[in-house]
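I've put the structures underneath this note.
Here subunit A shows up in two complexes: once beside subunit B, once beside subunit C.
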Partner chain A sequence: MPAGLATYIIRRLLVIPLILLVVSFITFALGRFGPSDYVEIQAGPRANPETIERIREERGLNDPVYEQYVRWLMDFLQGDFGTSVKYRGVPVEDVIMPRLWVSLQINIVVILLSWVIALPIGTWAAMRRGTWLDPLSIGLLLVPASIPVLVATPILQWLLVVQLGLLPADSWSDAEYFGVKLGVFSKEAILAIFLLTVPTLAGIARFMRAQVIEVMDQDFVRTAHAKGLAVNVVVIRHIARNALLPIVTLFGFELAALTGGAIIVETLLGIPGMGQFAFEAVQSRDYDSIMAVVMLGSLLFMLAMLVVDVAYGFIDPRIRLGGGLQQ
Partner chain B sequence: MSTFEQVEMVSEAPPSTSGAPRLLRRIARRPVAVGAIVVIVTIYGLGILAPLIAPYGFQDADLEHIREGPSREHLLGTDHIGHDLLSRAIWSAQTTVIISMTVLVSAGLILGTSLGLLSGYKRGKTDFIIMRLGDIFVSVPTILLLLIINASLRDRVDQWVGGLAEVTGIAWLNEPGVASYFLVFGALSMFGWVGIARLVRSQVLALRESSYVASAEATGASTPRILIHHLLPNVSNLLIVSLTISLGAVAAAEVTLSFLGIGIQDRPTFGLMISEAVGLGNIREHPHMMLVPAVFIIALVLSFNLLGDQLTDVLSPRRR
Partner chain C sequence: MESRRLVYVLTGLAVVLVLVIGGLILVTASGGSDNGNSNGDSAGEPTDGPDLGERVSGELRLFGPDPITLDPACASDAGSAEYIVEIFSGLVSFDQELKVIPDIAESWEVSPDGLVYTFTLRTNANFHDGSRRVTADDFKFSMERSLNPDTQSTVGEVYLDDLTGAEEFINGEAEEVTGIRVVNPETLELTIKERNEVFLQKLTYPTAYVVDQREVEGSTCFEGNWTLTPNGTGPFKVTEWELGTQIILEPNEGFYLEPKPAVSKVTYILSGGSSFVMYENDEVDITGVGINNIESVRDESNPLSEDLNESESLDVYYIGFNVNEPPFDDPEVRRALNLATDKEFLSTEFLEGLVVPAPGVLPPGMPGYNKSLEGQDFDPEEARSVLDATGKADELNGVKILTSGQGAAPSDILQAVVAMWQENLGVTIEIEQEDFGLFLRDIDEGNFQMFSLGWIADYPDPQNFLDIKFHSESANNETGYSNPDVDALLERARGETDQAARLELYQQAEQLIVDDAAWVSLYHGKNTYLVKEWVTGYAVPAFVIPNLRYVTVDR
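After this line comes the complex of A and B, so read on.
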């Protein structure tokens, strides 16, 4: 590992806690700023106001926001994420971890699947540049990308589950493979994976197409053709390989886009993942759970971006990472 | 759901030097692009002219005709409270126009472009602060933060807009749903500017080394002058493409926000119409309730995506 890279990674890693600190404070303050709190919501409309006030006092919800924040931060730094109010006193990490695992499985499968499908399509489209097949293929992919998941989900559910009976009514299972809960490989997960994968195809295929066209016109490709190599060999060994490199940068954006779509798909299909949990947590003002989800989400996203930037530096040595904090 | 997420994908396109008339002529030769523009103009036109052409008001309920299919009185049928679906769709288009345009101006042009220009041109400390600020907005799970903002601030924004109406005497501020416009527009702008700013910055970083910028500096041109007269025109092509795609993204984002209850309230939107149709679980018996808004929003988003694709092709000579 070159020295510049190590410094770069350390510098980036040092910025992460700072950003997390700002994010945590904003989220915390915004959360407490609200008109209602979890005591009121849990107690319901007929509870005695004095009791509500007493519980607030006990839990320190009447203290100034910065005092509450410092208390939360101290606990958080010691690894105590607090307790979930919605799930009656269960530690937040115990509620979140199984859900994080569910969302992670889905995300990984969706990203891999979308690359496996979209990259060949993008390459194929680039090869047919100038013919009507090129705009048609990308255009066709843009159609599902333009359909809101909110529309696609109930229609597909109705068609595949109710009418045709091809898929089971449940959208998630606790199936275990090799002693690990891997619901993503069960029949139940097909609908969710489909709904999340298809809209991402157009963007990836379009990007791949642009990259392939960029590489196609370069001298070494002409040389390869001139040597008399078979077209397939040139495409796979020379063109696709080089065009693939910049695709890595899409990873981070895909990850961000997925978390957005996942909230709706998880909520509509009843999949016990992070998206659904986050939605519930905000609805019930489950303060500690909200904080944990935001912190975890931001941390994972920033780490993913760092990995992408570093990988990009390895792949393309022309990009010098040591030059500064900027990507 | 970051509004401008797709923007990064077109950032590879090198800036082209063609002027506006030539650009228009090139687009006119592409049937797909022309078709997309026609659809966009039609839906936006319906929205802008909503008060004039909508057969019914958005709150007019015909309680004797509930969940009915198309008829002579209600061309596209009615929903569960007897709202005329065609009228609701037209009013929804108005909402989309208002949200898209305000977000375009605030997030795209004012925040995104100016911060991107500044960041790329000034570099150093300014650049660092702006870009780290962007990192903060990009790294938080957007929808989650929007949910929190909505839970905490909706009542306050309502009060604030109500107060503003009293102080200024502007009557339309008191109309139903106006307060939620401010909330949605603010939320989308807050998270939407980062993509555009990064894109503009990356272009400006390359452009600022060019000789015409150096000569402008040598003649003593002020920073705003260099930014607006020398740098902005050279990133404008790229901006057009990104903003086109982002307009579709804003329209699509509205659907997500409305479903999660953080969108517009008391005014019809495509997202609300779809959510109502989905939430009542009656897509089987009354598919038209879902299909009417769905067709509008899909047509609009698809047109923006296709147009963005076509513009990318037109503006990047190497890809043709």
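After this line comes the complex of A and C, so read on.
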């Protein structure tokens, strides 16, 4: 690894805590300035307002926001992410980890599936540019991408689960393989994976198609053809590979979203993942959990972006990182 | 060559991916899956999670709400109480007929002045772990814990403030609640400040339940996770609580009341989308029926129609006014809105008979329910002439009706009511949605013109509706309604020992309240639900009671 690259990475890594600090403060302040708090929500309509106020005072919720923030920050820096109030007394990491695992499994499968399906379709469509097969193939993918999951979910549930009985009513299972919970490989997960994969296909396929078309017209492709290489070889070895380069960025974004859950699909199908939890945490003003979810998401996003930037420099030496990277 | 670099990069990304995933597997596999693998699974074979597939004989499967807490001192919502009443127990409880029955207290005596309750505890009530039996000291500890400010319970004082010395204890002026006295391990004496006919019923609420002192010490309503594995005394014990996924209860073999639990296991599924769909696929044994499915379920050609059950629910849904500010300080304006509301249409047509219209306050099934109450019956012409006579029709335009909601369209019911007023009175009233917490605060502070809310019974007594909602000094009287005649009737009812005379007083009070048009009562809920043929003894209760020990599952 060139020395310049190491410096670059270190510099980027050093910036991460600063950004996290800003993100955490904004998130924290938004939460505390937002309407009502968890004491009020849990108290319900029967409680005495004075009691609520007393408890709020005891729990430090009436302190100035910066004081509360510093308190949270000190705990956080010492590795104490706080306790959930939605699941009373449970450390936040114990609440989040199982859910993180659920969303992670789903996301990995969805990413793999969408790329494996969409890349060949995009390439195929590009090769047929100018014929009716090109717009048809991409157009077909756009149809499901245009149906909101809010609509598609209940319809598919009704059709596949109730009417045809093809899928179980439960949308997630605790099935274990090799002693690890891998619900994503059970039939319960099929609907969720389908609902999350299909809408992504059009975007990736179209991006790939555009890249392939750009590469197709370049000189080295013409040379490859001229050499007499078989069409398949040219497509796979020369065109597809080079077209993939810009797609690394797209992949980086997906990598960053790996631990985030799909709020709508998870909530509608009742999948105990990060998306559902994020929604519930906000609803119940589970402050510490919200902070943990946001911090985790931001951290992974920044790491993924760093990986992508570094990867870019590797792929294309013409791209210089931070001005300091020497070839 | 560029393509070789690409291979490196993709390999690099793959390695990062594998590391992230691997790390997470290690973290979650150690923490997350230690509770589900009691099925003797062999590696590599897909073993269905405990919530699906292998149903144990005699197992009851329910779709349950995700409880906020299983701490009896803290639960303020029915979703939590539903579990707590099965896992914990107190001096007294309700049976399926909603009568107060002995629980851990074998019997009790009330002093002639109605102030001192002496409970004799049974000697065979033990904690789930079998370590020891429940004594009077446990009750003193548990009730004081509910009242102790350090516990940070918002409901303790609501249900236990009748006790002598409760206030001093809450304010830190006393070390103990003087009204809770341990006479001996089998005898507990409770003293209340003034005669109260519903005191025993209030003791059925979880705040008076017994908890294990060794387990709960130091916890508050927001800290302490002993509730994941609570050591209760009730008919069922928690064998597993997987957060957000499922709760498994098993019978407490040593339970002291008859009938003892007859099911082998109760599995509550906390996630999984639609309970109705799960019911159709035999994955849960009981499901509620909502507006989307009721028509098809009622159709007799549908096999599900044979599973259909209905039961009363002790609640009321209503629209309240800020009666201290114009235009709603004028009872005639409130009356006009009442007369312009077609409750019959709302219940039978709009909500397809899932609810019953509410002419008054008390729901059918509540003692003291008055069949011959004179409600403000729907009469659009009368409504308009009443409103015209007040000359305040213009003031109603633009008035806001506050409701709790999250951005989506406000409830259809409220929209229908507003449309009725528009049509029958020509006034345009707006619906304003607020976040639940903020909504409650605004209601408490009187910061509203109108609002819509429901009220569900804690115990089957009209006091729980009329005194709490309409006495001018009640903390839960949000509307600010005040009528000296009503106050007098409610106060007389508090001290009346003859049950028939008491209910008569409440009926008089209710009639006055309805005549004053204090609310627009809309409807009373009904439980409409499906029960599988293999389940017997299950009825959705009118409010939360220990219910599962009566159930048998023949499958």
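Here is the rule we use: the second predicted complex is superposed on the first by the 312 of 327 C-alpha atoms of A that agree within 3 Å, B and C clash if a C-alpha of one lies under 4 Å from a C-alpha of the other, contacts with A are read in each partner's own complex, and residues count from 1 in each chain.
Following the convention adopted for this analysis, a contact is a pair of C-beta atoms (placed from the backbone, for glycine too) under 8 Å apart; a residue touches a chain by one contact, two chains touch by 3 or more.
No experiment lies behind these values; they were computed from the predicted model shown.
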item	value
Touched partner set for A:Phe178, first subunit B, second subunit C, both or neither	second
Touching partner for A:Gln276 - first (subunit B), second (subunit C), both, neither	second
First (subunit B), second (subunit C), both or neither touched by A:Ile213	first
Touching partner for A:Leu73 - first (subunit B), second (subunit C), both, neither	neither
Partner chain in contact with A:Arg285 - subunit B first, subunit C second, else both or neither	both
When both partners are placed on the shared chain, which of subunit B and subunit C touches more of subunit A	C
Contacts of A:Leu156 with subunit B and subunit C, given as first, second, both or neither	neither
Which superposed partner A:Ile190 touches (first subunit B, second subunit C, both, neither)	neither
Which of subunit B and subunit C A:Gly297 touches, first, second, both or neither	first
On subunit A, the residue positions that both subunit B and subunit C contact, one per complex	35, 162, 268, 283, 285
Footprint of subunit B on subunit A - complex, ascending	15, 19, 22-23, 26-27, 30-31, 33-35, 135, 138-139, 142-143, 145-151, 154-155, 158, 162, 202-203, 206-207, 210-211, 213-214, 217, 246, 250, 253, 256-257, 259-261, 263-264, 268, 278-279, 282-283, 285, 290, 293-294, 297-298, 301-302, 305, 325-326
Residues of subunit C that touch subunit A when the two form their complex	2-3, 5-6, 8-9, 12-13, 16-17, 20-21, 24-25, 27-29, 31-33, 36-37, 41, 43-52, 66, 68-69, 71, 74, 76-77, 149, 152, 154-155, 157-158, 219, 221-228, 242-245, 269, 271-274, 277-278, 280-281, 283, 406, 434-438, 440-441, 443-445, 453, 455, 475-476
Residue ranges of subunit B touching subunit A (in the complex, touch as defined)	1-2, 5-6, 8-9, 12, 32, 127-128, 131-132, 135-136, 138-145, 147-149, 151-153, 155-156, 248, 252, 255-256, 259-260, 271, 274-275, 278, 283-284, 290, 294, 297-298, 301-302, 305-306, 309, 318-319
List of subunit A residues in touch with subunit C within their complex	35-49, 51-52, 54-55, 58-59, 83, 85-90, 94-95, 97-101, 104, 108, 157, 161-162, 165, 168-181, 183, 185-186, 188, 237, 241-242, 244-245, 248, 251, 255, 258, 268-272, 276-277, 280, 283-285, 307, 311, 314-316
